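Chains here go by letter, A, B, C and D, matching the order in which they are written, and residues are numbered from 1 within each.
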Amino acid sequence: MYKSLKEECFEANMMLPKLGLVLFTFGNVSTVDREKSVFAIKPSGVPYEILKPEDIVIMDFEARVVEGKLRPSSDTKTHALLYKTWDDIGGITHTHSTYAVAWAQAGKDIPVLGTTHADHTHQDIPCAEVLTDEMIKGNYEFETGNQIIDCFGERGLSHQELEMVLLQNHGPFTWGKDAAKSVYNAAVLEEIARMALLTLQVNPDTPRIKDTLRLKHYERKHGKNAYYGQGC
Amino acid sequence: MYKSLKEECFEANMMLPKLGLVLFTFGNVSTVDREKSVFAIKPSGVPYEILKPEDIVIMDFEARVVEGKLRPSSDTKTHALLYKTWDDIGGITHTHSTYAVAWAQAGKDIPVLGTTHADHTHQDIPCAEVLTDEMIKGNYEFETGNQIIDCFGERGLSHQELEMVLLQNHGPFTWGKDAAKSVYNAAVLEEIARMALLTLQVNPDTPRIKDTLRLKHYERKHGKNAYYGQGC
Amino acid sequence: MYKSLKEECFEANMMLPKLGLVLFTFGNVSTVDREKSVFAIKPSGVPYEILKPEDIVIMDFEARVVEGKLRPSSDTKTHALLYKTWDDIGGITHTHSTYAVAWAQAGKDIPVLGTTHADHTHQDIPCAEVLTDEMIKGNYEFETGNQIIDCFGERGLSHQELEMVLLQNHGPFTWGKDAAKSVYNAAVLEEIARMALLTLQVNPDTPRIKDTLRLKHYERKHGKNAYYGQGC
Amino acid sequence: MYKSLKEECFEANMMLPKLGLVLFTFGNVSTVDREKSVFAIKPSGVPYEILKPEDIVIMDFEARVVEGKLRPSSDTKTHALLYKTWDDIGGITHTHSTYAVAWAQAGKDIPVLGTTHADHTHQDIPCAEVLTDEMIKGNYEFETGNQIIDCFGERGLSHQELEMVLLQNHGPFTWGKDAAKSVYNAAVLEEIARMALLTLQVNPDTPRIKDTLRLKHYERKHGKNAYYGQGC
């Protein structure tokens, strides 16, 4: 019943090691079926070398198993809440990629320093504050989703214009119209994080890119006047 | 009609992922046919995994499509102006390679610190200033070409002795006698940028290489007394 | 007689180059047979390209050769003492992986800065102090084992909760329930070491991860309430 | 006549790209035949992808071509002088490997900070001073050899105990009993250079490794009491 959803999820997960975004099992990708109100996610702790499409677990938005013999990713509740709250996203990726984690551990937003960043979002990449003790001791993975959503709410950010976030002391979450786009965003975020650190090593006083150029590049690729790509 | 030009352009573009200079579609290479006054360039946003020689787009120097079904690279007008202005260059490469971008985002010229750099140019690699708001809001990609050309003009630099430039907040452009040489220069620039940052991390007070050694290495490889390579 | 033990040891050793943890022969893995009170270890200085299962050397816990034509790893006495003292470990890995060595040479513990670290241990990774001159001039490799064990004893650390250590001026040793787990820990340590350095480069004042989150992540993966993985 | 010498030289040169020590043609390896008083060296500027054993050039110690249709490496005179002066070395490697170049450009000796370094030499890796203007304008590549030899003479260093050097503003030269060992040393030097920079980034005040440990590790691998490896 969920064969194509599982295959899409499997293919997206297999991109993580190919793109150098995961060591061992430190990452997971999910993909949603909005009509059936379910999502497919990687099983917990299964090495990519032996992962098969039929291992993928099908969940509902309350993070209950719908189909699958294996335990789902330990981060499943975070995915579930993001799908439930942001009803236009189609895929979510979580990794512990090296440079994104470095910024998350440092507790710093990644400032928008150039066009590589602005091509993908015109905002700094926010680092959502570490969870409170109550959140950690409570429904931790669910509260992780809440922390991300609250960060966007409090800062007035759009999850459509900014498909990535860092969670302090933890690492990146990215999303997109489908699973493949969320993986793409995970790779872009890692590269942006690396470029930003290197830029500040060349010049610690580097200012942000100026507004006109920041918006120009974002609008080249997004919105009604976009002219990057093949328009499909 | 443009079959061999497209193939040359295709082969040069495919070198970018092989040399580790691009993530996804963050780069493009073009190659010119001076007799026909056209150049071939990568289509916009097409992944390297599925790019084919017949996808390459043929343009004239006013950046009008001569042949091709796909939309050309969004940076096409920059290429067109450089070909039109510098009538002895045969290929152009643009990437967002990591270390070159770090220097570009930092807004710093790359100082000539050693022989690896001096083997390729005896000058610092200039970082052309970010475009004015008027240029950005106007004919942006055309003005990007102007900014590069003006940088060389104002600083009295020769595009023959210095086949590479950084554009502030953006990244590198390189060129050469043909497309393959412009790709070669893109890889050299990335390595020079990396070495320069690491050098300053070992010793922040590193001075430039002295003039005699700088010119010696440049002249070993360039000009009438060159003795590097097989002389062909 | 020791065929499967040798093969297990061989397979684990071959993971080191695959995971990018060794240059040339700078590393070794051993695996123990508790029933027979012997362990299998890589022969000294044999390149991974030509290593064969039958080259593996079988040793007892007094570091005497039980079977094998080749000289065992020069670090064999360190392995022997660790197996003898910590009677529940099943495999040991020693490497000179780059970032772990950087911390060891710097003589610094790796602070627990995020969940990637806390997923594997809730403690800082200790850097055991350099051996005294007497230890170095005496039974050096045996004393290396003593220094590691003393470090854990003096600091009140558990070798079950912390399966990795740095030895000052030298590099990392890791262990686990079997050889494969000790190699896994070596790769995790290298990544944690890299992330920690990069984190401090982003923000030199980064504090440790807070206690609730540190313990939450450790307990997600370890102990009776663990819920990461497939529970097998 | 020189077939096996050419093949040995070819094989050693082909290790450079495999070990990640060269970009394009930025390196060369030579190997000597002491009985015939000739050495084999890579031709200048020939890409590794198309290099063939028969392209290797045979030279005498005055840097005159003995056999070969191609122009030899532009660094040939440096190799010739080192072979002539140090009559017990069998192979020489020159690269522009990234981290070794960073230290060379910074004009700094690489301090001996740990056992990875001390396993290979008990000395700091010297950075020979940049050549004088007279040397550069004169017989440059020959004087490069002189500068290396003078550096060892003035500092009282042994080219047998220290098979590697940095040349200021340029890069590393390494040697050994044969060409393969000189390539091995080039890879070791690059890794030592990388580890040293990272160590100083973790702790800028890192002192050198203490004398007992430094000598212990050197003597484990070298001299009459060595016990590392298979003793052959």
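In this text, contacts are C-beta pairs under 8 Å (C-beta built on N, C-alpha and C of every residue); 3 or more make two chains touch, one makes a residue touch a chain.
A quick note: this is a predicted structure, and the numbers were derived from the prediction, not measured.
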Interface of copies chain B and chain D: same or different residues on the two sides (over or under half shared)? different
Per mean C-alpha coordinates, the chain lying farthest from chain A is D
Chain A to chain C, mean C-alpha position gap in Å, rounds to 33
CA centroids of chain A and chain D: separation to the nearest Å works out as 46
So chain B residues touching two or more other chains come to 200-201
Chains touch one another in the pairs A-B, A-C, B-D, C-D
Residue positions on chain C within touch of chain A in the complex are 113-116, 184, 187-188, 191, 194-196, 198-203, 206, 209-210, 212-213, 216, 220, 227-231
Chain D contacts chain B in the complex at 23-24, 26, 43-46, 70-71, 74, 96, 98-99, 101-108, 130-131, 133, 136-137, 140, 169-171, 197, 200-201
